[in-house]
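Below: one structure, written as structure tokens.
The first chain written gets the first letter, and so on, giving A, B, C and D; residue counts start at 1 in each chain.
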Amino acid sequence: MTNYIIRRLLLVPVLLIGVTLIIFGMLQLLGPVERSALYVTDFPKNEKQIEGIIKKYGLDEPFFNQYWRWLTGVEDPVTGERDGGILYGDFGYSRTASQEVIGIIQNRFPNTVDLALWTVFPMLSVGIWMGVKAAVNQNKFFDQAARIYSIIGTSFPTFVFGLLLLMLLYANNQWFLPGKMSDWVSQLVYSGEFKQYTKLLSIDALLNLRFDVFWDAMRHMIMPIITLSYISWATFVRVTRSSMLETLRMDYVTTARAKGLKENDVINKHARPNAMLPVVTMMGGSIVGLLGGVVITETVFNYPGIGKAAAEAASQLDVVTILGLAIFTGFILIISNLIVDILYAFIDPRVRLS
Amino acid sequence: MTENEVLIQVDDLKMHFPIYRGVIRRQVGAVRAVDGVSFKIHRGETLGLVGESGCGKSTTGRTMLQLYQPTAGKVFYEDIELTALKNEPMRHMRKNVQMIFQDPYASLNPRMTIRDIVAEPLVAFGTASGKAIDERVRELMGLVKLDPDFMLRYPHEFSGGQRQRIGIARALANNPSFIVCDEPISALDVSIQAQVINLFEDLQKELDLTYLFIAHDLSMVRHISDRVAVMYLGIIVELADRNEIYKNPIHPYTKALLSAIPVADPDFYETHDRIVLEGDVPSPANPPSGCRFRTRCPIAESYCAESRPEFKEVSPGHFVECFKWDHPDNKRR
Amino acid sequence: MTSELLNVQGLETQFKTPEGIVHAVNGVGFTLKEGETLGVVGESGCGKSVSMLSILKLIPQPPGKIVAGQAMFRGQDLLQMDNDEIRQVRGGQISMVFQDPMTSLNPVMTIGKQMAEPLMLHMGFNKVQARDRSVELLELVGIPRAADRLKDYPHQYSGGMRQRVMIAMALSCSPQILIADEPTTALDVTIQAQIVELVIRLREELGMAIIWITHDLGVVASIAHRVAVMYGGFIIEEASVKELYANPRHPYTIGLIGSLPQIQAQGRKRLYSIEGMPPMLYQKPRSCPFSPRCRWVTERCRNENPLLESINDNHKVACWVDTVTGSERA
Amino acid sequence: MTEMTTIPSGDNQLLEETKSDRKITWLERILGPDNYRIVTGLFKTPASIIGFVLILIFILVAIFAPVIAPPVGSDPMKIPRDGFSGEPKGPGAEWKRNVPEIPFWYTPLTGNEEWVHLLGTAQGQYDIFYGIIWGTRTAFQTGIIVVVATVLIGVILGSIAAYYGGWVDNLIMRITDIFMTLPYIMMALIFSSVLTPILGRSLWPPLIAMITFGWMGYARIIRSDILSIKERDFVLAARASGVKNGRILFKHILPNAIFPTLVLASLGIGDVVLGFAALSFLGIGTEIGYADWGQVLSFARNWITVLNRYWFIVVYPGLTLTFFVMGWNLVGDAMRDVLDPRMRGKS
């Protein structure tokens, strides 16, 4: 298995280089003038000044020179200060948000994580439970219902679903709310008497034993959570069901029955662990889907996460911000895929012991 | 046709498949599927090649026909060295050397009609064209005892035995003289096997064919072959006339293999004891030093590990690769 | 070999497929005595595996369905048992070994855990007892370093070794009947010989009755006391092993034995071959299922299905024609 | 075996019958057994039939759009607007400016002599009915363009990878992995926002972006199918028969490998339209007022506090989009069942 993990780890730099190349390649479609915005806080209107920046940062140089500079930034020969360089955490300056892109990430990413945490666990447990139950009761009522749900779930566009939720649960009666928190909570949070341990509002509320704050956080999050979950459930049900059906046909399941095991044990001890293997491989993909999904969901519910930041920047064609966010998302995904793959190796003894 | 004219000659043929392992997929070794085999096949005869799964018998057949690029060794057809031919000349040699495959379900393209399948070798060499193709296909189907009117059907409309006949018709299209039969009956039911074996024998007589007949079923091989070669872990351990190898097996592996064949006669088991070999066949990626069989051999000595025994002609036409072939230990058993 | 252990009568099993209902087993009946080994022989699709799986209600339902029949085991009909009752029998009193050792063990569970399951279930062992017994059993079937190897996973065993594990597991609760469903088909000849010898040895030591399903007439000759030949979902001939090979009476059995090359024979004799191919069982055969391929066929064969009838003490055959004289039976 | 002598003679002269008497239809002959099973499997379940009916309805709407909603002005894809007021109007509101000519079906069906806003108007008085009818054309246009392009790219790259193997395969598959790492919608969003200043606001920035980040699945499928077909004995048999490489690729490998890809691709249209609508919803792509479902839906973003009053901006285009995607998904679900590996090889 060491070999497998080492090979998998070696893939990380390849993916990193690939992802940055793709994103930098997109940037290159723009002219040097637009790209000069990467390096300055106040986008200059003076043409001379722009030319100076282009010269200084070599924005008209060959592709790979620029790529390297983009990764590592430029050191000022006089002050020794480094300007730019995504490897140093400098993703550029956001024109529309009037702050450094890294600042946007620091402010917004915890909100997205907060949302994702409350989505992933229900998503996994309910999706897998439904899939297994559907497979065991193949062609019976539960199975048919689960299949219909999974088709409708994958067909319902998240933004339409989200808007309908808003119509029913917010516009009608204000049960649940868009946004991140109510005004009184935001005053409290920034007052200093509320300790921010994790920067995840719902968790911090629990740690501060402020259940009223927790309830407020949930009132804001419940609609995006439902929206993100229903579609993931739909995919998880489908994959778990078909994997489970396949496993139930395996010889070792017959062997288990021939040993006299109870049907529950046959399913839970023999079939399910094997059926979970393809589901684990799918988890990587579903994290990608989740992070893609937050773009729309956060926008619909006006939830200030990283997805909404990306959507806002995109609609105002703020390329610098959006590429910074893309790079950051790429990093996160590469790491989470790595974790999922290593997890898989631990679950499957055929990989673990080879 | 003279009895002793050599049609096919194989000299020290080796086929190693590389194994890539480790972090950067470096080649760390090779599966020595075929590791130095030599034999001759005379015109009009059938040479049987037997062994257990993974012993390299099918690889030998495929490498002989240059379907794999051999690692070392030479293969001659008449006096043409196949191993030295470039792609295009080798392709033209395929008119003379043909192959029949094990799995009748996998060896026919499901999207082609029987006519197109059987005619493919004709088209490949422009042997026939237009109406002549249809005529030749009809003739070939008659030869393998299939109704020529079925030629516009697809393979899935036929049973395993019939599909194997289609495969045979395809192999015969360009009148080859040598055919490698790669376990052609092992996927078939018992009652169908005999039909196909009889067909092979009829065709050999009618068309003056030479066969290399690969199988794991020693009794069927003995039935159809003139001479039999026994393979173990990439090498031929014994080669002899079929009656000779059955009556007078010398290599301990041949003895065990013969004794392991189930015989459809309950009385046989009252008089015969089985030689049961211990353990499993070692991996061809890491074969034992010296004699390949020594790890399972009941009469192995320490010196068997030191070098590989010579493939020696111990009596006319009887070759054995064993140090102890005339040792009293071996005779006793 | 006296008392009757298992008595199966009129077993019928069907499968629903997209092409229609397949009548896989059409009325199979046989008895098995204590300590006896019954060989069940036939080609693929003749219903031999399905009928034995049906006895333990192990065929997937749906698409499979046991339509009729009874299987009396120690005074009780297995086919009438509910799920809990049949579970007590499976793996305890009647156990099974399957064809493909590569797929019949759970790949993500250690051998030790898999072996412990039936012991804890049927014998009431605790973990330590189960482990100790598993070691003994693995040693019994000839697996070296048994105690260490319990921690291994199936993929760390060779095919022959896995089949030994399957046998050890099947024998762990001292069953009265072992059903072996083509246990050597997927193995090489020399490994097959090892397994057959092992089962013969264990049979002598433990005294269980065996139903050995196979398509290989050779294997059956070496292990069975009595042989039932199946064709088209019926048993068409049943006799003691010596009688059957010396004196086959059903045209199909005659053809099957004749189509094997004789390893002792001198010279090259043409093989006897049965023309045509086995029936597709989309309808329940009303005539003799072998009649389209039979050389003795008469008008009666095409209209009526013969029943399995005794022709002497240890020989039953289902055929309208006496193949010795060539004339129709009365 | 003493009785052997009584066996009647007769030898291998008999011709066998075919496997079964089942009639083989012409369709099965043309498609081959596997593909035939896939195609017939599609028409077996009620779900997939509903799917086909939905798709058919949308096709008819797209074709007959000028009859259903007669165009106003020179560009039919521009939604006619009735004034500039911000406040949406409900269904049945009177149509004052830019009134289209009345189609033949309208009066007999509604009993009304005057055009009204059948499904209401969105902010800026864009007529929702027109947006939905003409938006069907946009949906098919985008779906077909993106699917054709992604399949082409995927099939070409996947075949090259499978055919050449070695480092070529490695390189192409690593590139595929890299593209797969990035979330589709986010990258499409980003890329189209980069392209918009270059190409201007039109269909093309989102289309190109979706093509760039949408081909990987096809490349993977066709590669693995080719690799598995390549190992099949009939390919080796063709080589042993002396068939040339080119013919082996085009006659033996591709016809057997490509069918699942093509079928899945044709069903990918639903996903593409969903993605495209999401992008327009976020404000990327066509100019405001273009007949496009996502565009109409995006008007709702400004009214979320009063959506209970302006429900028609969400419900009508939202359900249209949902039914469109569901049509393809219903068929796709049946397809997945038929293409499932454990079903393969069973006839």
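In this section, a residue touches a chain if its C-beta (ideal position, glycine included) is under 8 Å from a C-beta of that chain, and two chains touch if they have at least 3 such contacts.
Note that this is a predicted model, so its numbers are computed, not measured.
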item	value
Pair with more cross-chain C-beta pairs in contact, given A-C and A-D	A-D
Central subunit by CA centre of mass proxy	D
Of all other chains, the one whose Cα centre sits farthest from subunit C	A
Subunit A-subunit C separation of Cα centroids, rounded to whole Å	55
Gap in Å, rounded to a whole number, between the CA centres of subunit D and subunit C	51
Subunit A-subunit D separation of Cα centroids, rounded to whole Å	26
Numbers and ranges of subunit D residues touching at least 2 other chains	11-12, 14, 16, 19
Of all residues in subunit B, the ones touching two or more other chains	159, 161, 195, 198
Where subunit A touches two or more other chains at once, by residue number	249
Subunit B residues within the subunit C interface of the complex	52-53, 159, 161, 189-195, 197-198, 201, 216, 218-220, 222-223, 243, 246, 256-257, 259-269, 274, 276-277, 280-281
Parts of subunit D lying in touch with subunit A, wherever the complex brings them together	47, 174-175, 177-187, 189-198, 270, 274, 277-278, 281-284, 297, 300-301, 304-309, 311, 314-315, 318-319, 321-322, 325-326, 329-330, 333, 336, 340, 342
Sites on subunit D touched by subunit B in the complex	11-16, 18-19, 24, 28-29, 32-35, 232-234, 236-244, 247, 251-252, 255-256, 347
Partner subunit A, residues of subunit C touching it in the complex	56, 58, 60, 83, 87-92, 95-96, 98, 100, 103-109, 117-118, 121-122, 153, 155-156, 166, 169
Interface residues, subunit A side, partner subunit D - complex	11, 14-15, 18-19, 22-23, 26-27, 29-30, 34, 147, 150-152, 154-160, 163-164, 166-167, 170-172, 178, 238, 242, 245-246, 249, 288-289, 291-293, 295-296, 299-300, 302, 307, 310-311, 313-315, 317-319, 322-323, 326, 329-330, 333-334, 337
